[in-house]
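Shared between the two complexes below is chain A, which pairs with chain B and chain C, respectively.
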Partner chain A sequence: MAPAVASFTENVISVRDLTFSYPGTAVPILRKVNLEVRRGEFIALLGSNGAGKTTLAKHFNGLHCPTSGQVLLHGRPTTELGLRELAKIVGYCYQNPDHQIFSSSVENEVKFGPRNLGLTGEALASRVSEALAVVGMTEFAASNPFVLGRGRRQLLAVASILAMDPELLVVDEPTTGLDLSGAQQIMRVLGRWHEEGRTMVVITHDMDLVVEYTTRCVVMADGQIIDDGPTQEVLRHNDTMRAAGLEEPAVVTISDRLSRFGSARCKSIADVVADVGAHMEAEHAGRL
Partner chain B sequence: MPVGYSIYRETGSNIHRIDPRTKLAWLLTFFVLSLCSNNPAVLAVVFLAELALARIARLKFRDLQAYLFLSLWLTILSTVIWPAYIHQGAYLGRVWFVDVTSDGLLYGVAMGLRITIMIVAAAEWMLTTSPQWLTAGLLKLGLPYRAGLALSTAIRFVPFLNAERLTITEAQRARCAAVGSGGPVRRVVNSAPVLVPLFSRAFLTAQSLSIALDARGLSSGGQRSSLINLRLSKADKAALAAAVLIVAAAIAFRVLGYGVLVKGEF
Partner chain C sequence: MTAAIEVAGLWLAYPGADTAALRDVAFSVQRGELMLIAGPSGAGKSTLCSCLRGLVPNTIVAETRGQVKVAGRQVLGPEPVPSSDDVALVLQDAEAQIIGMSVEDDLAFGPENYGVPAEEIRARISEVLDLVGLRGLEKRDTYALSGGQKQRLAIASALMIRPAILILDEPTSELDPVGKAQVLEIISNLRTETSTTVVIVEHEIGRFASVADTMLLLDHGAVAAYGNPASLVSDIELFERVGGERPPPAAELARRMRDARLVECPSYGLDLGRALADIERELESHGSCSR
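After this line comes the complex of A and B, so read on.
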């Protein structure tokens, strides 16, 4: 897995005193938000519906402009960067793949982003085939995306952003509407991409996937960041978790109980199963 | 981006409390008034009356802003085009290949105002009448229930689809799509990444809605009751009588040739 938060040094995104209200509304959605996203991190943006997670993330690639404060990409305000420059640094994958899919084939859908960035010919073709390979959809290149299942359409949406080769990828609730295997598949894709040294920000309510994949959690409530730190620590801060309307993941609860018997902290259901199995075997052997 | 799920604005004004049938009658009255004159001065008075009604309805400028801007563009367009067709009145000069006359210009302004009056009247009607009241009013006028339901649903769909359009546009902008840029042909080509998902979403939503309506027994038959029981008040009756009088007067004036700037033109 990726290293701990402390070892990341270079800021990709710096959010400074960001306040944002939608035009014509008086109530700010974001209030004086400060955040640093460092290269190589895998961040989970957590919070209940309406906490401001998506609104904050949409500032990262200039889809929203701050009402006050600043969002800096490598030290440059997003308001001074063009669409192409922003898209090269930050890729944003929407929650619902049906909000972006429009092409008659999977291949053309994936081509759309990199072609807008100016890629043509061999470079474009190789970018598309690489992205399809990452999400395991090479064999569907000629398929009509509208006849694919929800899980594959979600992977296609991710592939179409990966093909733009952004430095940082924001994925908004990638597992919504997917069954467990579909959710695991998409998180594995994102995990692999992160392990190649990319930066990830994922907005999700799936706490079990958060504990398994992410290195850092940023918890939001009422347009403010109320907790920020390494995943394994933040998920044990009961007061902030409650304030954000979140529940401690089952993996963390079981892992903490197991740690009383000398086990190391588990990061996934698989770890927990293995640990429980080991305990049962040891107990069984003791009885014999 | 948060987008309301109805154009309707609740301000609690007296205009809001008027029976939807009366408001529909007044909508038609404004249409007739705009069609009965091609004199910009007369049409300007009608337009000012509409703005006064908006004020009484406690609508804000931003509620009408989009409709007013659209009207302004259409008025400018009309003012540019009509002088090429209307040549009576004082000669003002030649612009490119068009001999511009005072009546040509004024007629262009009048046609712009005519469209403006219709757009603003329809906007005020929608802004002050909730979809439920609108449907109730049309049902009272004899519209079949299914058609009324389809109409009110379609009205509710407009802001929903607008919200979808904004989300889709954002999603495509995140992929560096040049939505809304370039010349007219380029714009049409560039709009495909927005229009295809938008239509796809609209069809899927319509299909889901129809299944949900069936599941709740829409086709089960029987006499339907309604939460809204409309009854014309004395004020409504007076307003309806006034509308009838105004329409009759407007038609009479038109027949007699009053309020007409360019005779022989509609």
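After this line comes the complex of A and C, so read on.
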């Protein structure tokens, strides 16, 4: 898994005027959506329940086909790409790991994807062991996935996609049903994966995790993109946040209120307090 | 007040498990009260919910000791009786609970089986659709609902039987913040308009502790803390020890400010506004003192 070089100039995905309705329904779920996903980004796809986040994300690897408009992977429409090509570029992790897991052992579950991409022997084995190591599940290789807790099943779902070494990873609500340590464990795995140069799109409602990990926020409401920009800016757009059913994370509120006391970063409350401490100390030293 | 739920010395082990899922759990919930249950994954929260609903040991097989009394019936103990019909459990995985092909069908399923007249069912459907914010989706196929909409439907279907005791196992895990606030409102409304007793398992402690009467923090199957939510959430050491839950921001901020010897904050519990106002004032006075 050689780290790729992060560059924001190359589009991995281009969504052009995408409209989508489920067959037999009149109301479109997505309406004229346009989006560019650039290599090396860590995007949070935000929006209220039913805004169209999952439906949009399922277009990235051809799980859905546009009713009208286009989704391009490196400039080629998803409708013209074969399954294997799609799977090599985009990995999609389901919201509910139980929709994805079907093997009777953790190892076989992780093996399934890369084997279908044509890997065999040593190459396949090392892919599997690497992916299990990344999510910290090496010791569970022989376990039956269905005796594992929800947190570990979620990590397994991520590992089985990572094993295909996709360029872009879409993870749909990876922290649902997990406690704080489980959620942070998943996000750390995704963060490391991103640091190696991969592109990440994560669908989540957990604003604390959004502010801690992501670089860009794409906000959806009612089948359309209503805001798109750097995470730190978008989270302060009160009108779009409200329209998307979201709340400003508490750490942003705290950091903004204490900015005149030196608070500059706002990824965690610990950062805010450290910044304020450094600022007060510098002020104090200056006065002596 | 009478106790709606009484749990004493509850111990439970699943077949073949090395460790017990619940160990000496004891608490009570008075009629009309709201209890918040929290704790890290694997602490025993869902197992406890199953016991309260009367699913253990008949539907879910396990070895048990102790007693669970719900709505006056001993559902777990030496001579257990079946659970009362007006105890409803909303499962963590909403999909596992939805059976109707359409939203309307799913809502009608419970009361139809209890023989509620059609006219009354229609009235209840109308009422719960507004309560959970699914109005307009009555005819929608349940498979076409989003994750969050499914979660709302699961709560609505439980409300259709007008339960006296409502047990919710992480009912907002897939909801957006506004959806979570709505569930909080649904629960608050239930409590002011009816005498429904509510037990809710939640990871978002900051949001739900404000309306809860009591709070139970579980850790490895045992009670780590039990008592008044406002004082429990201020105990950051407790959260750090148990792990798995994010403490409310006001409590975390006060604690970190105190540890960094910046501001000698008292405990603010859930009140971030008050914590920030006090901290700003203190920091300002530091500035003027040294000037």
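Note that the second predicted complex is superposed on the first by the 262 of 288 C-alpha atoms of A that agree within 3 Å, B and C clash if a C-alpha of one lies under 4 Å from a C-alpha of the other, contacts with A are read in each partner's own complex, and residues count from 1 in each chain.
Everything that follows uses one rule, which is that contacts are C-beta pairs under 8 Å (C-beta built on N, C-alpha and C of every residue); 3 or more make two chains touch, one makes a residue touch a chain.
From a predicted model like this one, the values you see are computed outputs, not experimental measurements.
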| item | value |
| --- | --- |
| First (chain B), second (chain C), both or neither touched by A:E247 | second |
| Touched partner set for A:D275, first chain B, second chain C, both or neither | neither |
| Touched partner set for A:L180, first chain B, second chain C, both or neither | second |
| Chain B versus chain C as contact partner of A:N116, first or second or both or neither | first |
| Chain B versus chain C as contact partner of A:E41, first or second or both or neither | neither |
| Which partner reaches more residues of chain A (counting touched residues only), chain B or chain C | C |
| Which superposed partner A:E212 touches (first chain B, second chain C, both, neither) | neither |
| Chain B versus chain C as contact partner of A:Y22, first or second or both or neither | both |
| Partner chain(s) touched by A:D227 [first = chain B, second = chain C, both, neither] | neither |
| Shared contact residues on chain A - chain B and chain C | 22, 25, 98 |
| Chain B to chain A touching residues, read off their complex | 1-2, 62, 164, 167-168, 170-178, 192-197, 200-201, 204 |
| For the chain A and chain B complex, residues of the former touching the latter | 22, 24-25, 58, 61, 63, 83-84, 87, 91-92, 94, 98-102, 112-113, 116-117, 146, 160-161, 164 |
| Touch list for chain C against partner chain A, complex | 39-42, 92-93, 95, 144-149, 152, 170, 173-179, 203, 243-246, 249, 252-253, 256-257, 260, 262, 272, 276, 279-280, 283, 286-287, 290-291 |
| Touch list for chain A against partner chain C, complex | 22, 25, 47-50, 54, 95-96, 98, 149-151, 173, 176-182, 205, 207-208, 244-247, 250-251, 253-254, 257-258, 261, 269-270, 272-274, 276-277, 280, 283-284, 287 |
